[in-house]
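Which chain is which? They are A, B, C and D, in the order written, and residues in each are numbered from 1.
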Amino acid sequence: MAFVYPHQIRFHETDGAGVIYFANVLTLCHEAYEASLAAVAIDLGQFFDPHGSRSGMAVPIVHADVDFFRPMRCGDRILIQLTPQRLKPSEFEIRYQIWPEPPSTRPSSVPEQALKQAETYAPRPLAQATTRHVCIAVGNSSEGSRRDRSRTPLSPDLDRWLQLWQR
Amino acid sequence: MAFVYPHQIRFHETDGAGVIYFANVLTLCHEAYEASLAAVAIDLGQFFDPHGSRSGMAVPIVHADVDFFRPMRCGDRILIQLTPQRLKPSEFEIRYQIWPEPPSTRPSSVPEQALKQAETYAPRPLAQATTRHVCIAVGNSSEGSRRDRSRTPLSPDLDRWLQLWQR
Amino acid sequence: MAFVYPHQIRFHETDGAGVIYFANVLTLCHEAYEASLAAVAIDLGQFFDPHGSRSGMAVPIVHADVDFFRPMRCGDRILIQLTPQRLKPSEFEIRYQIWPEPPSTRPSSVPEQALKQAETYAPRPLAQATTRHVCIAVGNSSEGSRRDRSRTPLSPDLDRWLQLWQR
Amino acid sequence: MAFVYPHQIRFHETDGAGVIYFANVLTLCHEAYEASLAAVAIDLGQFFDPHGSRSGMAVPIVHADVDFFRPMRCGDRILIQLTPQRLKPSEFEIRYQIWPEPPSTRPSSVPEQALKQAETYAPRPLAQATTRHVCIAVGNSSEGSRRDRSRTPLSPDLDRWLQLWQR
């Protein structure tokens, strides 16, 4: 199943044109990614630790792209649907579709039900995006983290996360 | 009663020191402010409209301050307690206290109950902040909005919001 | 010739991993775009006006992508090379290449000379990105700006900008 | 003498009201602080290192405040005047005044001359702000950096920086 992350567009996410600033759409996608990790009990502080000192692994983004179909304004409620997919043993991709939240769904529905209604309600998403991530081994020291960035297979935690949210 | 806004620190809110970037604490306070407005059914798109063309009013911030007591890291769950107070007919202040969310409170508790536990759990907040806002009349046209920025009393909506969340 | 925008990575642009937050690379590219417009005396306040009330035109981004080759850290000095290209009468694309600034170039060199040295100094860029933009006609009123978003050819100003910076 | 940092307001710094987002004014002040450190050859990557592993010291912000007098719009050129002041052996404060850049000063003037003209040109600043910083000793390891945050006097580098830019 896909992970669904509800969000209301915040004022600081908009720009002088009154709509969400383009690069902030990718930031919202990353927020959904973080929420999907937390949803399988991955410790975000450890996962995103600067030197991977506790996990021995870092998962930098090597590519991102985003297409904008309709503007999003301050206060708009959206649903971000996230679907990861493994590309290589050490690499995965996440696809995001952003939908307007149908007015009738709040607040009783769970995000997954709201998404079903959103797909019926709207002919196509407001935006879609992709991020591609590679797992690399990082040393324990601050110096080590800058060398030795060789690829390493996904950790068991990430593997579990990917199994759960991929379609 | 105070309004309570739960939040989990996001990766993009942190900086190279591994903790939340100082100015982002004020951004989180503004997010809590937006949520407190939405909670009394104020339309955020209209409230923050660039030219106040629909409401005839804008509410710019004229002052902000923030004190930092303890660092916040990526993934930390916090509670932002918000309390507005009227200073003049056209001016109000919001005070914010940011607390760590006690681990035991999730996910069953409502934010207000979690806050009570947080105040017992932690000796003092992680941070506290203030923002001061004035209501001004703005013209309907894009030109008008740049002149005629005279003070005007709080709208009935804002008055209702203030009555509800002030102690 | 290409436009070259020098920048030093700021602390708020980094994240808890000690490197620039991925979406901020696109934000820096947009800063370079703004600087390239200002360099041909385009008024940024008017160009990015919320309702296009003064120019009658808006130029939203419809697509962006970015590839990351090497991390950028706080304090790193970079050069963003920007090259626009027309795709249709109403649509253009900008390509960005981000290079490390060679230490020896500062501060005497002009950005264009520094770029030449950078291309010799580094085997490949730190990152590359693309943004795609369409010109649309927008009404004069706040209501009008939300309808009537039909495509329109590039303005003479944008045409001049494109002629100058395309290769 | 005071340090002067020129800046042109960027689109991503504005919000849906068409002016700079309030918390971003503090971010710009921090950019000026970083530039003032770089101007005395302090290595920013080392100074803001997550674990202070190379410098053994961190300088977190413990307080910030900001007053807004006039809005700043996309494309506006400003001058940020920065003046540090020592409060205790381990603590200093920075005051910032933000001025509109007089149109006639560009591009021949150095920032310090432009500031003189700005003070004549404008009756008062667009905004003013303060940040307060404390120096703390941090351990070499990632664990150590989270304990042992005892106050320590300013480093010789910071002392030199303070001597130079304080009035």
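We take it that contacts are C-beta pairs under 8 Å (C-beta built on N, C-alpha and C of every residue); 3 or more make two chains touch, one makes a residue touch a chain.
A quick note: this is a predicted structure, and the numbers were derived from the prediction, not measured.
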Result of counting contacting C-beta pairs for B-D and C-D, higher pair: B-D
A-B, A-C or B-C - pair sharing over half of the A-D contact pairs: B-C
Centre distance in Å when chain B and chain C are each reduced to the mean of their C-alpha atoms: 33
Centre distance in Å when chain B and chain D are each reduced to the mean of their C-alpha atoms: 25
Set of chain B residues in contact with two or more other chains: 11-12, 14-16, 18-19, 21, 23, 27, 30, 48-51, 73-74
Chain D-facing residues of chain B, complex: 15-19, 21-24, 26-27, 30, 48-51, 58, 60-68, 71, 131
Parts of chain A lying in touch with chain B, wherever the complex brings them together: 8, 10-12, 14, 16, 18, 27, 30-31, 34-35, 38, 43-45, 47-50, 73-76
In the complex, chain D residues that touch chain A: 11-12, 14-16, 18-19, 21, 23, 49-51, 53-54, 73-74, 142
